[in-house]
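See the structures that follow.
Next, two complexes with chain A in common: one pairs it with chain B, the other with chain C.
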Partner chain A sequence: MSIGSMLAACVAVALCAHGAFAHTTVRSQATESVTEDNALKIGHGCTTPEGARIPMIAQSVVFPSAAPELSTSDGSPVASLDAVIEQGTVAGLVRAIQDKGVFRAQQVKRDALGNMTGFSGTSGSLDVDVLGRVPFQFAAPKFVATSCARRLLVKVAIADVCLLGAGLADSVKQGKVNLWIPDNGSPFAVAGKAQNIDGIGAPATLTINRNVAANPLPSSCGAGIDVTVTPSAADVTVNLPIPGVWP
Partner chain B sequence: MMGLRTLASLAVAAVATTALAHTQDGTLGDTAASTDYYQITCSDDGSGVPASMMVQVQHRGPAAVPVSVVVHRGTAATATVDTVGGDTTPSPLVFVNGNDGVYNVFVTKAGGGPVNYTLSFHCMTGQNGGGLHTGTTIVFRQNQ
Partner chain C sequence: MSHAVRLACLLLIAAVLAPPGAAFTSVRSQAVEGVTSDNALRIGEGCAVPGGAPLPVVAQSVVFPTVAPIVTAPNGSAVALDTVIVQGSLAGLVRAIEDTSIFMSHEQKSDALGNSVGFAAYDGALSPDFAGRVPFQFAAPMFVATTCASRLLVKVAVADVCSREADDTASTGKVNLWIPDNGSQYAAAGKDTSVEGIGSPATLIVNRDLATNPLGPGCGAGIDVTVTPSAADVDANLGIRGVWGFGATAASQPVQIVEYYNAVLDHYFITWLPDEIGKLDDGSVIRGWQRTGREFRTYTSAAAGTSSVCRYYIPPGLGDSHFFGRGTVECTQTGQKNPSFVLEDPQFMQMFLPAQGACPANTQQIFRVFSNRADANHRYITDKTTRAQMASRGWVVEGDGPDAVVMCAPP
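== the complex of A and B ==
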């Protein structure tokens, strides 16, 4: 094997490895009480069981809203987000940014009061050989002064759609979608696990860091804890679909 | 010179757009106790750390009852009232010096009858509504 062939093989392996491990993630961590642009990083499209790579054509993004699941790094109970962030909810803090780099059409998701809780993109085509970025703005909330939370980890449920199907069962298949969603019992998670879909139990994470200089932890908190807020199964079930498009 | 004028016009347009972006049209229902409840989060969007938040409300009719806004954060609160509906004059601008974080904002009216209103709200880097406009995010918590 020539050096050139060896190099080509190495590059191919590296690309495949990168594709296999590159989840859809959040580009940057956020800081308490700072509003700034961020983005979803799309690492790859879909891959069929036969190994064919399929470009992404749509994406659905759900931030936690109604009755989210809460957990803490030390196992201590937290009854509601009101005890962690002044806003008491993540709804309304995310704003979609118009961008047609990946998807030619954009839609927003709102709760019953009209607060933005997510967004989607359709009519897209992400080249299988390149990465995608989907921008959004996030207004990072202020931590409750008495809370021991040092970080708030916001889990974001994302469906990266590559091929449309007829209904959920036909849509949630390898090569048709990657589901970066919590494994908490939604029909998407159940079907996704059964089909060995990429991303079940691996939602994207937006980390919000407390500004401990401006808003120090109470002395009784020690180093502080992480609080994780995750979209509920019901939230994912209702809001992950793109109306009229997917699944 | 024409270039400068064009640039100046564009700058004015940009400022106006920014200002208009922080308004919220709403409606209070027929019941006298109707209350719309918002939370406005002030944060640093690169323009600077917030020091205050200012609001005003424009009563757009039809009921002839005063429309009020109450703003609360921590131990500070204030209010402003537009007594005349349907005209072009909004209530006085008022502010609360509450730094960054969540300001609770309540829109109410003094009697029965439906009311349309426009709420204006701006987080500012200076005390008393001064300084630069900075990160301002509104969340609807109750719609009556």
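== the complex of A and C ==
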């Protein structure tokens, strides 16, 4: 390997490492039918175009619930989540844990049926040099026995808010927010892309592994596939805001 | 398969299928012999009120089995604990971890020798919308080499308290008692009123390290030994002195409330919590606050004729300060009108309420003024001269009756 290619490789590794370190991510993978504590790992606050680092003061977290987008690793169609998990929905599986480590005030998000679909924290200030953990409980769903899904990748939309603005246009700016959300047409994604906001198209991922010992794949499935469930644009639009606080 | 075995299997399956942590208060993780690790109690629910919203948990008491514990083999026969674990007792193995996510005050329960036997926490509230975690450290005991025990099931008595009123100690909807059903006064009273949890204590499983401490050849797969708090243990240790439990409030004595002032913020703050007073006086963790030299008194648990005073935290955008609400009505209305306020403790203090502005005999008038600024702040005062001075600075006088009194302090 030439020195040049070695340097390039080093830069690539450094960039990848930085990226993995900086995103807001889910701490642990889950196993089907197991209820466990988990947490969001907050890697950094916001950075202004001038390079100033701003601490995070609020966070909004949305699990996919209303008409989520579904895709598979092999491109095979999946009509609904009913065919993948017995619960048929991710709504109601997450439960916020009361914790004052980062945010002094917390709120929950629920769907029309009262199922918890996310949560938010406000009145916080996460030091820019300190990592943050926001705990939650997750009851991993059970895979449908006939499904070929070996893993369910749950994409979680997250807004890490550093400065409050007046409305969406003023709030979605560099230095004011990081948006770890799918790039699927929500006003947040559109505005975030235009403003070059960190995180557009990079939502956090909660991986749920099938317990293949207790719930083996059908013999026709081979090694199995990944099914990805992503919050729809409508879901993000409706549920990402923190009522009365942001945007 | 015998009927007994089938029943046991069905119970096991039911337990596995039940949503873990969805309702019961339980222990988060299993332990391994000889390993000291952090763990937590998982609070799954508040106190269920028929036809109404559940009440928040405002205090918790936790008792590990140490006083004449009931130790049994799977067939129900009694076992001596010193034949199972090297330590011979569970006393001294648990330690509370300070965490203010739910409760602001914490205390360790100790036996006569100073060994920890449990812990308690209060002055806080777990919103029913959220799951709660109360962390503790546990030093898992070592199994005696000759015992056939492969697991030790430690039953932990837990009281999740939703009302600190003396009459509510074992009332349904006011407390959940995750305790053994073995004749304690808490179990007896709780069963009478259908309190949730009687007979369902939390379980901390200690696993034998079979790699380093294998079972003897005659032990087969090994057995579970269960250690449960005795009725005497529960009666002696479940109460929280001065806070909750049978007889806990009999010795309630008023404490001093200390007032502080932050000149940069032009904010006032009052507290009776020793931990907060220590931090405010020290100034290294919470900076910028000075004592004003003004104090008055309050009960910290219900006394005859008192009402609860709640404490709300007002978020930074609205004040970054605290509000103390009088009685259930003002507390509830404050929360409804200001959903962003954080209810830190629904029963932070116990004070007397004025009747049309008149305080009961032998109590002290407490006045309140409001800064009337965007960074909302309230000051609680005992003399009218200071109140008049504050009013001359633009603060708004609040209260009932001709003297504008908000509450009345014990002498």
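As a convention for this text, the second predicted complex is superposed on the first by the 226 of 247 C-alpha atoms of A that agree within 3 Å, B and C clash if a C-alpha of one lies under 4 Å from a C-alpha of the other, contacts with A are read in each partner's own complex, and residues count from 1 in each chain.
Keep in mind that, in the parts below, a contact is a pair of C-beta atoms (placed from the backbone, for glycine too) under 8 Å apart; a residue touches a chain by one contact, two chains touch by 3 or more.
Fair warning: this is a prediction, and the values are worked out from it, not measured in the lab.
Participant: Is A:G101 touching anything from chain B or chain C once the two structures are fitted on A? First, second, both or neither.
Facilitator: second
Participant: Thinking of the overlay built on chain A, is A:A91 touched by chain B (first), by chain C (second), by both, or by neither?
Facilitator: The first partner, chain B, only.
Participant: Looking at the overlay, does A:A139 come into contact with chain B only (first), chain C only (second), both, or neither?
Facilitator: After superposing on A, A:A139 lies in contact with both chain B and chain C.
Participant: Quick one: is A:T35 in contact with chain B, with chain C, with both, or with neither? Answer first, second, both or neither.
Facilitator: Both partners, chain B and chain C.
Participant: In the overlay, answer first, second, both or neither for which of chain B and chain C A:S123 touches.
Facilitator: Second partner only, chain C.
Participant: Touch test for A:G244: chain B only (first), chain C only (second), both, or neither?
Facilitator: After superposing on A, A:G244 lies in contact with chain C but is clear of chain B.
Participant: Contacts for A:R27 in the overlay, against chain B (first) and chain C (second): which applies, first, second, both or neither?
Facilitator: Once the two structures are laid over each other on A, A:R27 reaches no partner at all.
Participant: Answer with first, second, both or neither: which of chain B and chain C does A:L113 touch in the superposed model?
Facilitator: The first partner, chain B, only.
Participant: Once the two structures are superposed, pull the chain A residues common to the chain B and chain C interfaces.
Facilitator: Touching chain B and chain C on chain A: residues 35, 95, 139.
Participant: In the complex, go through chain C and note every residue touching chain A.
Facilitator: 19-22, 28, 42, 100-102, 126-127, 129-133, 313, 315-317, 339-340, 342
Participant: Once bound in the complex, which stretches of chain A touch chain B?
Facilitator: 33-36, 86-89, 91-93, 95, 113-115, 139-142, 214
Participant: Chain C touches which residues of chain A in the complex?
Facilitator: 35, 37, 57, 95-101, 104-106, 108, 122-123, 135, 137, 139, 164, 244-245
Participant: For a test of understanding, state which residues of chain B touch chain A in their complex under the given definition.
Facilitator: 39, 41-46, 49-50, 100-102, 135, 137-143
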